[in-house]
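Two complexes come next, and they have one chain in common, subunit A, joined by subunit B in the first and subunit C in the second.
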Partner chain A sequence: MTKSHSVVIVGGGHNGLICATYLAKAGHQVQVLEARDSVGGGASTQSFFDGYSTSGLAHVLYGLNAKVCKDLKLNIDDASFTQPANTISLQLDGEHLILGRDDVSASSLSTKDLEAYRAFKKEFRGYAKALQPLMMNTPPRLKDMDKKDKVTLAKLGWSLRFGLGTQSMREFLRVGGINIYDVLNEVFDSPALKGAIAVDAILGQHMGPRTPNTVLTYLQRLWGETQADQSIPVGGMGKVSIMLEKAAIEAGVAIRTGAKVAKILVENGRSQGVVLESGERVDANIVVSNADAKTTFIDMVGAPQLDAMFCHRVNSVRQNGDVAKLHFALDTLPNFTGLSEQQLTQRLIIAPDMRYVEHAFNHSKYGEFSDNPVLEMTIPSLNDASLAPAGHHVMSVSATFAPYHLKDGWQQQSRDAFVQRILETIEHYAPGFSTSLIKLELLTPVDIEDQYNIAGGHWHHGELSIDQSFMMRPVHGAAQYQTPIDGLYLCGAAAHPGGGITGVPGHNAAQRILAMGDI
Partner chain B sequence: MPTQTNSHPATDFREVLQPSPFQTRIDEQCLVQDWMSWNGYKTARVFDTLASEYFAVRSTCSVMDLTPMEKYRITGPDAQTFLNRLVTRDISTLKPRRVTYVIWCNDEGKVLDDGTIFHLSEGDYRLCSQHHQLDWLLLSSLGFDVNIEQETHNIAALAVQGPTSCSVLTAAGIAGMEQLKPFDIGYSTLNGIDVMVSRTGFTGDLGYEVWADPANALAVWDAIFAVKEKGLFDIRPMGLGALDMVRIEAGFIMPGDDFNTAETAIRADRDRSPFELGLAWLVNFEKPYFTGKKALLAESKKPAKRRLVRLSVEGNKSPTDAFLYDAKGGSRIGTIKSCVWSPILKTNVSLADVEFVKGKPPASIWAEIYYQKELEWRATWAKCTISAKPFWTHPRSSVTPPNKF
Partner chain C sequence: MKNYDAIIIGAGHNGLTNAAFLAKAGLDVVVLEKNDYIGGATASLELHQDWKYSNCSYVCSLFRPEIYQALDLGRHGLEVVPLQGSVTFKQNGDYLGSYHQPTVWRREVARHSKRDADAAIRFDADLMKWCRLIRGFLLRTPPDPASFKIRDAMEFAYLLKRFYSLSESQIYEFIRFFTMSIAEYLEQYFESDVILAHFSGGSIIGTGLGVYSPGTAYVLLHHAMGDVDGNVGSWGFARGGMGSVSAAIGSAFKSYGGEIRTNAEVQNIVVKGGKAKGVLLASGEQIYAKTVVSNLDAKRTFLSLMDAKDIPADLVKRAENFKIRGSSGKVNIALDGMPEFPALPKGSPLTLGHMHFTDTLERLERAYDDWKDDRWSQDPYVDMVIPTQYDPTMAPPGKHMMSVFVQYCPVEADGGWTDAKRDAFGAAVIDQIADYSPNFKDLILHAEIRTPRELEAEVGLTEGNIFQGELTLDQLMFNRPFPGYAQYRGPVKNMYMCSSSNHPGGGVMGAPGANSAREILLDLGKTDTTPEDFGDD
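Now for the complex of A and B:
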């Protein structure tokens, strides 16, 4: 059976839905094909045990794009949608740090550090803002530039030079390519404060604080703060996707779940549509892939339709995940030493200092999981009691580092040992935590790959490193949302500016597709 | 997974150049000790005199060691689709026991190398190339179920070329030579030794290439030269010097000499597309996708900027490395890449890189030639003419069965 649409979107993750909505609003007939039983992809709420649900992958919202929210009429500040959350960095002595957008508070910090935090955040948010023209546009080609490429570059240059001013631009150029470890040591005294900030530079990446490039990853995270304050969605991250799905349907997008795309059809260098795993063919004028680069090009298009060096570049994209996701079903609210119940609604992290974080990363370099992992924890059932039976709770944990290629493989013994390390780590801060545990689920990057159809199980469909960013994301030759195949576009985290629940790749891809006018 | 077998015979560390399986015989016959390196092998440039070797291949028979040529064995379920994605020509129509000349390009449609594909038997291919290509072959194999094995050092090969070459091989004891059409492959024996013979070569003349196990290399050499001992034919070993003369006469290009291969080109405009090399006839846009197709399609729609052309140069002064101009003292429009005084045509023939004007060859081409008279440099102008066809061809190179001698 053959059906014809103007646009088929491969993958109903948040970027796919956003791209679909923009295209539908522009008057095109759009079909979203999602492999899983519900849309949302990494932004979903999943039941992992009878009666217990939590965010499937992403669980902290930091930077759903303001323009996307406005265009799609998502009221992100509505209390029924999200609850603002500070970051609380847990300390063994109970002197926890509370890190807000502008200020940090902790009895242990010196006045100098308190003031330095405010100045640091202002300065670095300024750098992040200066990247705005680049983030919200198709990254400009450096060769064969068209007028739009030149305008984007000029805007970026203007923004860096005159937006920042001489002093700040000089400092930005100094720190832009170096590591967060050196920068934080220059600015702060408190090891605890430095450890907490470093987490935002490395989480989701195969990077430690001393890895060059971690200032850039930190800036990309901070860019989120220029869009919206950090928050926890009420009802899990699936809430975002429910809102986006609603917006898409209202715009006239047709959504099919349980429809896994096996192949993208190409004839004479132009995409013709897709073939589902069931064998069903869906024709379309253009195909937009929300999948990662390897899945899109090597698996779905296939090497025989592409140039050899292009395939090699795609195959060389570093997109192996390094973060595991854990879901705990608890029969009572965990008791973290020194935290009030209200504070448990915040984003909790365990990263007592930068050495701790760097040592955690050392294991990953050699194919081991961290002995003392860095943890990011949320208890979404505090914001939405329906996620667990009455009186019970769910806790969602991102644990790094957990390399995709574990030396011993992710067999049961490794999984048990890793869970044990995580529980022991939590126990240091919440004695007796394990006794409240009813059930747990561990998703290693390999599980994430299987369940979320992301090759390598990487949060961002590929490291957010300089060589895989901007006009080189995911690889040059496919970095302007266009691909070597005419009528095939990318709209997901594999494309500029990368991962996170931002919606920006989906937004930018839609603008590009509409500008191309080949639907 | 593709594999690489390396069966270099053990060499002493003082032997900078690798000996060929024919080396003992080559050493005996190379009177002038004029050696050069070909893919790391010790290869003769000249055995005794250039002229005698040149005239042997054009009037009787010459023998040349081909072992150093890069050879790759391509097998596996996707061997044919892999090769078809690699090269610009349609390989799906290449029948078993046939050979074809091919080029392959990078993503930008610039030529990486040229060579020949031998379809040895159903699904079993050998790719011969001028330069080392294993890296590119392995890189290109992503997504194909194919086995790639470098067999450069595992096969001894001799080119037997010239008007009497068929008669020589027949007299040496290889049966069935007269039935081989150009680009055919035949399997036969020579004194009980298994040999493969292909009617291929790089001379533009009648000729064959004999392929055997390196262990049998000397036996094959001796059987061929035994024909000379009987006094039937003159057979001479040929060095790379004479080969260069005859291949320019035949209009065959040499990657690395006549153009920068894409892998070695550093400056942006130094690599060349098939169109720029005058090899448009090798590019098939009707077949399935191949590396460089998109770039070549785009290029094919634009007027040609330059071309490697066959250029006859008037006069008897060698135009080696000469600049080319659109008029005597006019604007520079190109350079001579390879040239030779053709003894058989009595003229200078060359391959030259020439800039086109609005997609067309320039109306006139002049070479500025510097030459010496008793150590005194002089300059002169020579008129050049583009030759649409190879400078030298002969019906005997394609007739089957070949003339008997």
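Now for the complex of A and C:
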């Protein structure tokens, strides 16, 4: 049976839903096809054991874009939706650091560091803000520019030169391409504080604090802070997707779950629609893929339809994940030394100093998981008791580094050994933690690939390195949301400006598609 | 009291180059050197009887041919002998030889991987493309992005024009090349471990980064963009050691009437009323000049030669934060005879070139991990040459001199260097070589081991950094050495910088010295004696 739509969106992740909603609002007939049995993709709430649920993949919300929220009328400031969260960096001596948007507090920090933190955040948030014209638009091409490209570049130039001013622009041009390690050493004294900030630069990437490029990844994270404060969704990240789904349906988007796309149909260099795994064909004027670059081009379109050098570039995209996700079902609230129950609702990290983080990274270069992993933990059942049976709790942990290509392979023995390392790490800070454990689930990047249909299982559908950013994301030739195939577009984290639950790729893609006028 | 037109502090090759161009323009110039020899890190010294060592730099390629020609260095005795390829020994007893002859090179690569043999041709061509583009920037002063001056705007326009000679896809590929790690860049081309390791070595030399650190692809270019006799990317030996380079520039300088004073250590630059007036020597003598130029690295120039009260406070902070971590060591060895390398066929010409013993990216990267933790590696990457095979003037007949460059070597070995630690470091290097040459240890007559500690103490390279400042994006082009100070002019009037801490950075290139001279002559309203780049060849 053949059905015709104006637009088919492959994948109902948050970016797919946002793109769909914008297009439907503009009067187009949009069909979203989602392989899983619910929408949301990486932004979902999953049950991992009878009676216990938590955010499936992403569990901390930072930078859901303000314009997207406004356009789609999402009220993210509503306390029943998300709870603002600071970051607490755990220390073995119990002198934990509490890092907020503007201030940090800890008895161990010097006045100099406290003041430096405020100044540093302000300065770097300024750099992130200066990138706004680039972030919220289609990345301009660097040759044969159209009028819009020139406007974007001019706005960016203006914003850097006059928005930042001489001093800050010079400083931005100095630090923009280097590593966070050197920058933090220039600014701060406290090893604990430097370690905590470095986590925001490396989490989700195959990078350590000393890897050049980590200032840029940090700025991308800070750009999120200019949009919304860091928060933890009540009821898990699925809450975000439920709101987005509602907005999409209200706008007239048709959503089908359990409909996995196998092929994108291409005839005469133009996409005609898609074929589902069931064999069903769905025709459409244009196809928009929320999937990563490899899945979209190599698996769904197929190399024969594409230029050989383009395929080579897509195959060279670095999109192997380095973060594992763990879900713990607990019969009691974990007892972290020196933390109150209220503080347990915050984002907890284990990264006592930069050396620890760098050492954790060293292993992943050689296909080993970290001996002493960097952890990001949340206990969402404190905000929403319905996620676990009465009195019980769930804890959600992102653990890095856990390379996709483990030298020994992710067989049971490696999985057990890795879980053991994580439990031991947590035990240092929450003695007795393991005894409260009822059940756990480990998702390695390989599991994430399988369950979420992201080739390589990378959080951001590809490293956020300079060579894979902006007008080179995911590869040049497909960086303006358009692809070499007419009528095929990208709208996911693989496209500019990349991952995180921001909604910006979906927003930018929709603007681009509407401007192209070929629906 | 004599009043010079210009004083150059430090007789390194850049100081001499700078001095030569100023003297050529008719200025009365004196170069002050603290050591009793000239050349700084570009010198040949007799440290063992009848053996001459190139003390730091050991091969020649980056030196700008434009400068060679403008100063007529051939007439002043500089002769560069091209080097014959290189070899990387494998742990399994095999080796990868590198040859200049393209067909031979291709056949050798194919022995390790057929696929890589095709890729090697493509890679060489691509690399050459980026070399050509970059070389055009070397003998130019970087424009200041924060400036509204016409000159800066025109320079930007020029750079953009060059950039726009590339196709759109080449522009993106160039940006990618500039920002990627050498390992990830090469993995787009090659599959074989030894070939990846062979190409990666050049991208970490002198650099506190690993093969998987973004930015290292550029460092490879920094080492590949030189040429010998017009062969881009090839290296050569200076006959008589690297000291011949300095000696030739020094001789050219003197032929223009210049004066060199050795054993004349400068204590500080004398500043009065916001203007540089001259220098004060450690001996207490004062020397005055209209222009003062520092060939010392940025840290030494601003933190020790200058008084903090004479320069802006933010500049002091920038100088303190200037990244100049040393990462290299050097072992110079006097040999009783030519060592044998059983892995090579008898009579193989491959010992004439660079020799390497690291055959995988993982081994290279692990050596970097050691450096990060302030350790020297037990499995170091070495770049080894035996120049006496070409140049018998450097050792007695039948004997040999071996120069071993070691990456990595920490600035502070776990709490600081001691003589015992230095010797242990040397032993690790010698063991590495001996693994591939059974008679090597028996041939050693004398070995001089130099860690960053020795490089700093002797040559005056802060923290032993051979580039006088790391080559990362925050310290390149208009950021080198600091944003706002990249045009060779110091913070006070009449004061200039000409060291490798300035654009385009380290390597025996001469470009910072020449570029700085151009700016000085421009400010003085004198005829420019510095050469223009030859352009695309």
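We adopt the following convention: the second predicted complex is superposed on the first by the 519 of 519 C-alpha atoms of A that agree within 3 Å, B and C clash if a C-alpha of one lies under 4 Å from a C-alpha of the other, contacts with A are read in each partner's own complex, and residues count from 1 in each chain.
Keep in mind that, in the parts below, contacts are C-beta pairs under 8 Å (C-beta built on N, C-alpha and C of every residue); 3 or more make two chains touch, one makes a residue touch a chain.
Remember, it's a predicted structure, so these values are computed and weren't measured experimentally.
Asker: Of the two partner chains, subunit B (first) and subunit C (second), which one does A:K147 touch, if any: first, second, both, or neither?
Answerer: In the superposition, A:K147 touches no partner, neither subunit B nor subunit C.
Asker: Is A:I178 touching the first partner subunit B, the second partner subunit C, both, or neither of them?
Answerer: A:I178: touches subunit C, not subunit B.
Asker: Please tell me which partner, subunit B or subunit C, touches more residues of subunit A.
Answerer: C
Asker: Quick one: classify A:P304 as touching subunit B (first), subunit C (second), both or neither.
Answerer: first
Asker: Should A:G269 be classified as contacting the first partner (subunit B), the second (subunit C), both, or neither?
Answerer: Touch partner of A:G269: subunit B, not subunit C.
Asker: If I apply the document's touch criterion, which positions on subunit A are contacted by subunit B in one structure and by subunit C in the other?
Answerer: 312, 477
Asker: In the complex of these two chains, what residues of subunit C are touching subunit A?
Answerer: Those residues of subunit C that touch subunit A are 145-146, 164, 167-169, 171-173, 175-176, 179-180, 184, 187-188, 209, 212-215, 321, 323, 362, 365-366, 369, 372-373, 472-474, 478-479, 483-484.
Asker: Of all residues in subunit A, which touch subunit B in the complex?
Answerer: Going by the criterion above, the answer is residues 269, 298, 302-312, 315, 477, 484.
Asker: Where on subunit B is subunit A touching in the complex?
Answerer: Residues 81, 85-86, 106-107, 136, 139-140, 142-144, 288-289, 291-294, 297.
Asker: Could you pull out which subunit A residues touch subunit C in their complex?
Answerer: Those residues of subunit A that touch subunit C are 141-144, 161, 166, 169-171, 173-178, 182, 186, 210-213, 312, 316, 318, 355, 358, 362, 365-366, 465-467, 471-472, 476-477.
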